[in-house]
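Both complexes below contain chain A, partnered by chain B and then by chain C.
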Partner chain A sequence: MSLIDRITVELGAQEPWPKDVKLFQPYDVEQILLPDNANCLAVQAFLKMCHLEFQLELRANAESMSPTLKVPFIKAGRFVTAELEGIVQFVNGKGISLTDKLDANQKADMRAYMSLLHSVIEVAELYICWVDKETYNEVTSIRNGSIYPWPLNHIQNVIKRHQVIKKLKALSWYNKTLEEVFQEVENCCEALSIRLDGKIYFFVDGPTELDALVFGHLFTILTTPLPRSDLANIVRKYPQLINLVKRIEDEYFKKQIKN
Partner chain B sequence: MGTVHAKAEQSLTEAPDFGSKNLPRDHAEPHTFKEIDLEAVRARVDRINVDGLARTKNDIVEDCIKELFKAKDFQDVLIKAHRARVKLDELGCFKNISVFIDTSKGDKATPDGLEVTFNVKEFTRLTGGVSTQVGNNEGALLIGMRAPNIFGRGERVQVEYSHGSKRTSNFNLSFIKPFRGSHRPTFTTSVFQSQSEWPSSGYKQLERGLLLDLGFYSTPFLKHNLQWEANIRDLSALSRTTSFEVREQSGLSLKSALKHILSFDLRDDLIFPSAGSLFQVTTEVAGIGGNVGFLKNDFFLQGNYALIEDVVIQGCLSAGLRWRTGTFLGGPLSVRGFEQRGIGPHSDGDALGATAHWSAGLHLFTPLPFRPGRGGFGELFRTHFFVNAGNVGNFRMSKDSDLIETLKANMRLSYGLGVALRLGNMARLEVNYCFPYSFDKGDQTHAGVQFGIGVQFL
Partner chain C sequence: MSQQEKFQLYVYDGDYSLPSLDVECTKSILYTAVAGVPVQVKLLNSLKHCLLYSAPTFVHKNLAFKSFGEIVLYLRTLNYNIDNKLSANQCSESLALTNLVQAKLKPVAEFAYWLDQRNCDEFTNVWFMKALPIPFNYIHTRRFRDKAVGLMETIYPVECNLEVLKEFINRMATDCLSTLSTKLGTNDYFFGVTPSTLDVIAYAYLAPLMKLPFPSTEINSIINMWPNLVNFVKRIDTDYFADLPKQPKYLKQPEKTTSSDDDVSYVAILILTVSATSLIIGFAFSRGILSSSMS
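Up next, the complex of A and B:
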């Protein structure tokens, strides 16, 4: 975390949660991709768990507007903060935390699982979207290019695909077969399911950012229609995780609609 | 221009008087000069030789020189030879051109016959160099390569890369093809990439694009440029503190625009003109394809008038109108005494742009006091007094309001003095002490010493 970020968080902390907080993300119907949608949903879930008010703003260029060039990001007063980790820190700075009651061990545990989600589920989502030919041609290229005029849409697709593939190569995921990717996802879900162990949330005291992140990814995987439904089928093998997703949806998202 | 030599036989020397001043004459007989009217000396060009042509094709050279055959008298020959030389120079194929005029000899020589010889030296196939360049208030290192006259008809390819002191970098590859014809059309196509940072607006941008340009003259001095430009612009916020209004604009956009530049330049010098005026009108329409649509209109007028020798009054007027894009004002090249883009609406210190602007300047250029280095080094400098005025805003026209009143309301004014320096034959450097006189609350003024380098100043 850079010095500027620290100062931003410090300064922001002096003010209470402003009324005009806005969460910026790409258009969810025609533009957003699986991994981005998962991250946006995770942040939404986290803010709702903290009972913080925010307005959703959909912008085609949300990604380039973000200070880290990743979605989502929030604007509170003059401050902009991006991604779940940054936003959690920003919220903590206001004296609001979901992890107050956890001891050091549990916190470390939570962080470990969060990084597992980032390094397995998120990467697998990227793999499916950009490397799997069928998904890329039928979904990713169309949605990613939808905000640009011809011929910029094709150019952008090629550039973005190149970037993602470079990242996957660095993580040595690019040479994996689909089966290997699915196996990784299955292992991750297995681990999460074991950790949940029949509890309502991952930790006894209530929902944490880990629950928000799991919800974000699994809900998106379950509800996004893709040419390949293998990922959703893997998640469906773990009823405990499905229950968690349903519970969070009922608790934090359905209520809003009723009101 | 180069030297025009004239050699003639004794019978002819009595007629023209161009050489007579150099002839040693006896002071006792100063009145033996003959006043000769060059137009009265009949002459006819029998032959034209062009020496030194290697890969340049004959037809384009013929186009340049054939007018010379129509000359009827000796003055005509001199003028037409000079014009031919300028035309040959404009081809961009020759490094050096010299002209010799001689009486024609041989069997086919006519009594009034002359023989004109052009000695030309062609450019080498590939030239290149490293140089420094100034413009837009920053210095830049320029690396360039040029392949002149590749197919023998003045076509050239050039590559340029420049890296500026303010983190801008530019790359440009262009192909230029001059055509034959009375309107002197030139076709240029280029691909470019330019990267620039605008701390005053809190963003940086990367542009990649393609430009097609057709330049021609409709009258000898009225130049038109018709351009089509397609570019992809990637705009991003410069820092976390960039205002949100600027941040909202970030992202990629594709611009496809048609542009027309009309210019009429009668100045006697680019940097410190003492007479003549420049008039330039630019119109740009974007939105033929792509996702950027706007209309830009700009107009610039400069007039120069010499009060006495070397004391020149210069008046400038510039105005711009925008639809769906922004314009900026202020800075050492426009209204001095303000920060770059310092006039007009700002958000968190970042300039936002407005729909229209006008600015005017009245300058007095004089030689340095007591004229040190007169006729030499001192001629690079001028003392500079100025008054600048301007306004920028979203002017709304309604039936009740007077146009002049609307434009005058909240007018910015600054004045000052300084020293201007000529840099080569393309740029001017100014160091001024500025006094902002009237300004708005939101403006960023720059009182005191201000430094400006550029090509076109207000």
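Up next, the complex of A and C:
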């Protein structure tokens, strides 16, 4: 978080939550990819948990519009903030927080598990989408290129794939085999399931941004059709996590449709 | 015993009472020390070792394991597991916290070692250049720096100003350290009375940042804000690395003139004094003040 972000948080705190907040993300039917979709859904879930109003704004070039080059980002009045962590801080700056009642130990827990999701599940999703040949050819290349005309779609795919592979190499995930990746995901799900331990949410006082992040990733993994269903099968082994995902979906996403 | 004598671990050399200057090597050495593996630690200081092995490499019979993760998995199959006393809950917490430490403290360490210009030019690069044989010192330092740059580009792709990047990384580290400090509390180790993998990894990142004589001491002062983490590192030092020498091995004379900007150089003062005095005397002679008094 740079200086500009901090100014955004501090200045933004003086104003109430504006009416015309827009959440920008790529087209969810034909364009968005698994990791991006998970992050967008996590932010939507978080804002709904805070009972804050927002409108979804679908843009093909949302990624290039974002200040951190990652989706999603929100535009609230004069301020633009990207990614879950930044948005959580922005919302906290307005005096709205889901973590008020947590003590230091629980907050430490929350930070650790959110970092676990970012550094395991999200990276595994990137790996499946861009490194696994079958998924790349059948899903990723088609969806990522869908917004560009020929031959730009192929060029953009190659550039983006190169970037992702560079990232995976820096995180030393590129040399892993598929089995190792699945093992990492399974360990992560196991750890989350143990931490949840039959509770309704991760912390007894109610939903937090950790629940939103878990929901975003697991819901996307469960509902996105991919040539490889291994990721979804791993998540299905943990009924507690499935229940959490269903509960959040019923509570925050189905209500809106009825209204 | 004959089978066990063949455990070998190839690492970069240590200095300043650190088992190794490389974080991954420190992890491997400490893990084997805690688990009680009868391992023979060998240094990458000859052409032969540098040619055959990268660091850390764990060699057993004809098997070689080239990263900390692989080494731990292999040692577990041989029943050297330091996490077997943890409950399911603790295992889950340990996994989350190790990921947090890796994600937040690795960038800080890489930045302090290789991207901070002063640190790299005056300490890290010089040390590795002296510790490794030619031509591997050039190859390895280049590789370290490329890796560090690659990591920075992935975690913060839009920013290329090093100062802004440094502030961002230091904030990440501060968050992580406060989390660790809260979790450690007043305990000796994170889980129970003996170290677990989390302790090993936390030590490997904290110890170099605390002990190495980096010219810029910003991160050191950040760590010192949490006395229980400082004590934690000292505790592991006394328990496992009590006999490591504190004196520098490779950089015999840490240059005091460059280590701090505030130090006054006496040579400079002498030169200034001499030139000022000669100027005054010369002026006096030219005006005839001195010559008249001498005659």
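Heads up, the rule we're going with is that the second predicted complex is superposed on the first by the 259 of 259 C-alpha atoms of A that agree within 3 Å, B and C clash if a C-alpha of one lies under 4 Å from a C-alpha of the other, contacts with A are read in each partner's own complex, and residues count from 1 in each chain.
Note that contacts are C-beta pairs under 8 Å (C-beta built on N, C-alpha and C of every residue); 3 or more make two chains touch, one makes a residue touch a chain.
Predicted model only: the values in this text are computed from it and were never measured.
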* Asked: Would chain B and chain C fit next to each other on chain A once aligned, or clash?
  -> fit
* Asked: A:I155 contacts which: chain B (first), chain C (second), both, neither?
  -> first
* To do: Answer with first, second, both or neither: which of chain B and chain C does A:N187 touch in the superposed model?
  => second
* To do: Using the touch definition from the top, say if A:V120 reaches chain B (first), chain C (second), both or neither.
  => second
* **First (chain B), second (chain C), both or neither touched by A:M65** => first
* When both complexes are superposed, which of chain B and chain C contacts more residues belonging to chain A? -> C
* Degrees between the directions from chain A toward chain B and toward chain C, using C-alpha centres, nearest 10 -> 80
* Asked: How far apart, in Å, are the nearest Cα atoms of chain B and chain C after the overlay?
  -> 11
* Doubly contacted residues of chain A, that is, touched by chain B and again by chain C -> 67
* **For the chain C and chain A complex, residues of the former touching the latter** => 67, 88-89, 91-93, 95-97, 99-100, 102-104, 147, 150-151, 153-154, 157-159, 164, 167-168, 171, 175-176, 178-180, 182-183
* Structure fact -> Seen from chain A, its contact residues with chain B in the complex are 4-5, 8, 59-61, 63-65, 67, 75, 78, 80, 148-150, 152, 155-156
* To do: Name, in rising order, each residue of chain A that touches chain C in their complex.
  => 1-3, 67-69, 104-105, 107-109, 111-113, 115-116, 118-120, 166-167, 169-172, 187-188, 190-192, 194-195, 197
* Considering the complex alone, what residue numbers of chain B touch chain A? -> 232, 234-237, 239-240, 244, 247-248, 250-252, 254, 289-291, 348
